[in-house]
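Got some structures for you, see below.
Both complexes below contain subunit A, partnered by subunit B and then by subunit C.
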Partner chain A sequence: MGIVSPGFTGRRSGSDLPPGQYLTRDFPVLSAGPTPRILPEHWEFSITTETGEVHKWDWQAFLQLPSEEITRDIHCVTRWSKLQSEWKGVSLDTLFADVETGADFVMAHSYGGYTTNLPLEDLLDGQAWIAYEFEGEPLGAEHGGPARLLVPHLYFWKSAKWVRGLALSDSDDLGFWESAGYHEYGDPWKEQRYAGD
Partner chain B sequence: MTADVPTHLDGNAAAGALSEVFAVDLTAATGRCNGCGHTGVFAEARLYADAPGLVARCPGCEDVLLRVVTTPTDTYVDLRGLTYLRVPNA
Partner chain C sequence: MERTAVRRRLTWQAGTVTEIREETATARTIVLDLPDWPGHLAGQHLDVRLTAPDGYRASRSYSIASAWTGTTVELTVEQVPDGEVSSYLVGVLGVGDQLEVRGPVGGWFVWRPESTGPIQLIGGGSGVVPLMAMLRQHAHASSTAPARLLYSVRRATSVIYREDLKTLAASDDVDLTFVYTREAPPGEPRVGRIDAELLAAKAFAPSDELTTYVCGPTPFVETVADLLVAAGHDPARVRTERFGPTGGPR
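Up next, the complex of A and B:
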């Protein structure tokens, strides 16, 4: 037997982490309020354009859209990172396929009142999903189920739990944490934690 | 939609963070919720600390009363959810 097993891919090391992050194998639960319990039959997701045009999906219609298996590293601004997390969800490219917009910015709105702002270009081209399974199981309410936004290339506060809609806008308004001192964009590789970073 | 089993602390848990900014003990102050008008001592607020900042919510309507975010250089205090804080004169 050789020293190196060719089949071993293993977990990657901490050198893959953005600056200032530590590796966790858990999935910490952070929450700024009570956990909403949304029954799938009551769940609805919408995209509202800057002209007020609304595109809506209920749970049944949402599940009929093509889904993708997603494996990505995730990075929380509170400094934990989780590597190779496994999700299933619908690409926002699919959800935006019939949406006509000239807007550059999006505000994500969640059940419970949470908001977070993102550039539209960060939600397209295979970078973002509405995720409804985590590691092969329906996404638990404590992690944002029945469905959450998943934008793994930005700090995880941008991946809004319990997402209920995206509102397109010409202006880059600030969301819940962004209006209280956190960075408006939140690139973990540039360590954009706080406003001005 | 129903609320989960509470994961919050009471408002007293904000004493440390608030004492960094204010010279008086605000947990003993009376606050009025800008959302529902509920009025009570701040210590009765529901405090969510397992988050990127401290979030205090109204025990009546769960609207946000106060947020505190501490960065390496500054502390942000957002009081917009409070109509007022009434602090007894010494």
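Up next, the complex of A and C:
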């Protein structure tokens, strides 16, 4: 189909963005409900394997893990992209170091009930973190603080805010937005916004 | 592999603009005739795609303003300062022009006419658009679910859907409250943002049947949703849709 709008010129970003994205210097928010306010002393993070084995960290134990400075572009399915965003967090390679699993899929669970599904291989090998600082400051609650999943190579709804755990599974079940019509994988470079894209 | 929802591919389709209504100085409603539209739920949105003569394309999502009655789809677009797509839709697009759209999108911030529990709608600025679709669906379905709209605007001239809202509010089941944040019209003494006192006076009290929908700019939604939770509303029964940045220092 080729409908052209003669009066439309558009604004080329000049940056190398995924298709259909535009550049923002703000940090917009997409959440389905009220922002959960979780105090770090009440925060816990766990990884649960497909056999039910639980690996758990509280805030103190989590902060004692080696952290990394992360600078990555992020891409929201609502079409904004933010370049060179700066984070501090713990690599999931570190958190998975003692986890034995043969599962291929992960469901991320958040305080407040949010879920999102990802393949395990997208969380390992330096591709994903549990982030707790953004641009040098503790991560604000509206952006997922005290800590959120950070998987910058996928659309940002995969980077679950207020994350409290990862559950490993042999089946690729659908998370919150994925059940509401969004793509199960969400690669911004393939523009996988909605189911079937 | 378990699949919990119907996964239908969304394809681009052409629509023709049949009518344009100027709502405020910065917002207009665009009525689209979409022969291939599959229908939608109140609260869903769609993507609009524009193609420039040189092939450059840009897309944005817009909330649908109308209830699906089997004919047309209405969008209300607020001009965003420097908005790449909204500037064209509000400033250039005319009756008879064609647009490409795909949708509907979104399965969470929706109201289904078969639901009978009370609904509290709270909108800030153009955040009223998907809430208007819900009220229109409510009227179209002759729903008797009690519905209240709290609509926060800067001043009287910022009100979108003024006449339609008056008509809808004539129903015994629909209650409408305007909140003026900058300047109130004569006879309206209160000027200020939504606060706990106003919610206690004008919004439904927390209950197990109530569903609350909040839509607007991010700081508005953050404030209102926090007030609702503090007033005892179950966060799981408060559905939100935010747009724009968090505000504060950039």
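FYI, the second predicted complex is superposed on the first by the 182 of 197 C-alpha atoms of A that agree within 3 Å, B and C clash if a C-alpha of one lies under 4 Å from a C-alpha of the other, contacts with A are read in each partner's own complex, and residues count from 1 in each chain.
Basically, contacts are C-beta pairs under 8 Å (C-beta built on N, C-alpha and C of every residue); 3 or more make two chains touch, one makes a residue touch a chain.
It should be emphasised that the depicted structure is a prediction, and the values quoted were computed from it without experimental measurement.
Judged by the touch definition given at the top, the superposed model places A:His143 against subunit C, while subunit B stays out of reach. Within the superposed three-chain model, A:Trp157 lies in touch with subunit B and out of touch with subunit C [touch as defined at top]. By the document's definition of touching, neither partner reaches A:Glu69: not subunit B, not subunit C.
Set side by side, subunit B and subunit C differ in how many residues of subunit A they touch, and the one touching more is C. Touch criterion met: A:Arg25 reaches subunit C, while subunit B stays clear of it.
Contact with both subunit B and subunit C is seen for A:Thr78 once the two complexes are overlaid on the shared chain. In the overlay built on the shared chain, the residue A:Asp16 is in contact with neither subunit B nor subunit C. By the touch criterion stated above, A:Glu86 is placed in contact with neither subunit B nor subunit C. In the superposition on chain A, A:Ile38 makes contact with subunit B only, not with subunit C.
Once both structures are placed on chain A, subunit A residues 28-36, 78, 112-113, 142, 177, 179-181, 194-195 are touched by subunit B and, in the other complex, by subunit C.
Chain contact summary for the complex, subunit C toward subunit A: residues 1-5, 7-10, 12-14, 50-53, 56-61, 84, 88, 92-93, 97-100, 105-109, 218, 222, 225-226, 228-229, 235-236, 238-240, 242-246, 250.
Looking at the complex, you find that subunit B touches subunit A at residues 1-4, 6-8, 46, 48, 50-53, 55, 57, 62-64, 67, 69, 71-74, 76, 78. Contacts from subunit A toward subunit B in the complex involve residues 28-38, 42, 77-78, 111-113, 141-142, 157, 177, 179-182, 193-195.
Listed in rising order, the residues of subunit A touching subunit C in the complex are 1-12, 20, 22, 24-36, 78-79, 112-113, 140, 142-143, 171-174, 176-177, 179-181, 194-197.
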